[in-house]
């Protein structure tokens, strides 16, 4: 028994580099040997899906991409899934970006889904309006007069020459907003300056860390559901029936979480043993 | 005194009051200032200020190289990267068919190449460090020191496991058996009586097994022990309540701090 | 300003507004009246308690361990002959948290000037760099040590979030500061900074109102100022009556808000039960 407690004590004060190594293996191995753990959609993810599915045919949907390369693994899969869902239901998609990096990634997503998968026509089925500097001022500008803010799109074409921009002058001309957000400016600014004053429905997808900040808005009904990080992206991929990067990352995330929990439990067992010993002596 | 104290305070008070009270005034010029111009003025200032930052960075790195300070070789990378970004942004497109301006996102340009093959992987790598740091921080910090820390630990474990597909594969009956065993450990540490512990654990196992057999061992029933349901409840109830109260407190803090700046009560930003 | 001037001013503003209102309140967005009155009430509450403090009245503020530890941290750095690292967040001066961080930097730089400790302030925005340089310069001047100040103690790294985190981590690992302070607005890089600081054995004090990052700082740092405690830091460190009065005023505003919440719940329940027509949510919603 003493041997076991000594071993646990030794393991509970292990050098953090061993922890890093175990975590690395816990993430890498499931990527090479997938387990195919079943994915079940949470109520908040289901709410996003149901809201988009209920949109009338041919709705004008604004998709706002505010994420960068660092948060691409979490947010990009959900953007791809949302675009697939929107194009499958034949909605018109308008893409804006509140982050400069977002424009690169939005362009990549549109090329993959709209151009390559669905063979859609730029300017008639989808348009990339691009990034504009100004944080909340961009949101306020879109609310009041989108044409004053966007005179040209991301490719340099005049907005007046883009067929699907006809009749789109302000935020209220859109039927739905989806914000793929990794921080500031993002979901909260859209809720505060656009959605609340105009009552245009909105859903969002955020990084796992940001879910906490956005959850009060979901609970109060201001945001219709939330895709929470990579699990949310994987759940949405399951709902639309097209597995992608989100799904492939779930096994790794599951094992990594389990390993972290085991480390925490081990650390606490060691802590309790040490506390008992010091009480004895 | 006039330039260093009174004029800055006057500017802050004027612009702050205009931006705050302008929201209540239905006059196109004021609304335009409050909604668009005020933020854009700041963006324009910040855009020109980047020169200050850039020159400061270049100065620091060049000094390191010239004076051959420790690690000066790494400064060569910083200077090289700086120059490369300037060239890619202003002098060399790489794709002659693309116009200046749109060349930063167009395919085939040097800028896009730098973004895709250097900037993006480096950013993702730094973000990936969080996975390791979360593990080491959790391992070090989550200790059962008191009741609140224990509650935090249990909630954290439920969320971490319940959030991922693994959690939805764990039967609620497994959790119930686990709770019986943990209860046995607690009973043993409190009463220090092996008989009590054995009775508790045996009775617990019998109850759980009987209930499970009679219900047909459904994966997600009883719902209170099913991790995804538990984590959803924790997210939507105590978490949202706590988040809302912190948000309100922070909002009030921001309001009070801003009013102090506008009224000139807080003058530390000018060094006073 | 004495009591007479204050009440004359307050009375004048109220009277002018009433005249403006009864003249038809041209240009005023009526739907936002509740918010306008709330701002006036809350500002009045703040001013009342600020004046109370300025008159010499004792105001109790609870201890905040993180702020008490700031001087201890600077002292530790002095004893060890190592620098103090101060990170004022990654956002620009348009964020209130960044301004609060720069203000706390002013107090910290006074301590480093007093104890003759090296201060290193890497920043992520050029405007923050200039503001922080000014604040540090003034602090060193006030402490009578202008010779110790040099502009390069506040230096710009990069605007990019993770490149900044990498740069600060490099500074930590190379220079091994004895104290690391993170005061401002942070995002995902917070844990990277805090864990690296922990690995070098530095004492770490963090202060932020970024909700999502507070748990990471609490986990990895020795002391954390959570939300409003961070905004109260300037009052605690300076002990100036007007700032302490402001903190008290803030707490009183919170009491008013709690009253509104409780009253709102009752009114809403009565409305939902069909007992009254008045919908408090409609009344309080700012359009």
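Things to note:
For reference, chains read A, B and C in written order, and residue numbers begin at 1 within each chain.
Please note the rule applied: contacts are C-beta pairs under 8 Å (C-beta built on N, C-alpha and C of every residue); 3 or more make two chains touch, one makes a residue touch a chain.
Note that the coordinates shown come from a computational prediction; the quantities given were computed from them, not determined experimentally.
The set of chains in contact with chain B as well as chain C comprises A.
Chain closest to the overall centre, judged by the mean of its C-alpha atoms against the mean of all protein C-alpha atoms: B.
Comparing chain pairs A-B and A-C by the number of C-beta pairs in contact, the larger count belongs to A-B. Distances between chain centres, each the mean of the C-alpha atoms, put C farthest from chain A. Between the Cα centres of chain B and chain C there is a gap of 18 Å.
The distance from the centre of chain A to the centre of chain B, with each centre set as the mean of the Cα atoms, comes to 14 Å. Averaging Cα coordinates per chain places chain A and chain C 30 Å apart.
Of all residues in chain A, those that touch two or more other chains are 16, 68, 70-71, 212-213. Across the assembly, chain C contributes residues 161-162, 188, 211 that each touch 2 or more other chains.
Along chain B, residues 39, 119, 123, 126-127, 134, 136, 138, 140, 142, 243, 247 each make contact with two or more other chains.
Looking at the complex, you find that chain B touches chain C at residues 20, 23-27, 39, 42, 45-46, 49-54, 56-57, 60, 70-71, 119, 122-123, 126-127, 129-130, 133-134, 136-138, 140-142, 243, 246-250, 252-261, 263, 265-266, 268-272. The touching residues of chain B, counted against chain A in their complex, run 35-36, 39-40, 43, 47, 99, 101-102, 105, 112, 115-116, 119-121, 123-124, 126-127, 131-132, 134-136, 138-140, 142-144, 153, 156-157, 160-161, 163-169, 228, 232, 235-236, 239-240, 243-244, 247.
Residue ranges on chain A touching chain B, taken from their complex, read 16, 19-20, 23-24, 27, 37-40, 42-44, 68-73, 101, 103-104, 107, 130, 133-137, 140-141, 144, 154-156, 208, 211-213, 215-216, 219, 228, 231, 234, 250-251, 253-261, 263-264, 267-268, 271-272.
The residues of chain C lying in touch with chain B in their complex are 27-29, 32, 35-36, 39, 42-43, 46-47, 50, 92, 94, 96-97, 99-100, 102-103, 106, 125-127, 129-131, 134-135, 137-139, 152, 155-163, 165-166, 174, 188-189, 191-192, 194-195, 198, 209, 211, 214, 216, 219-220, 226-228, 230-232, 234, 238, 242-243, 246-247, 249-250, 253-254, 257. Looking at the complex, you find that chain C touches chain A at residues 91, 161-162, 187-188, 199, 211-212, 287.
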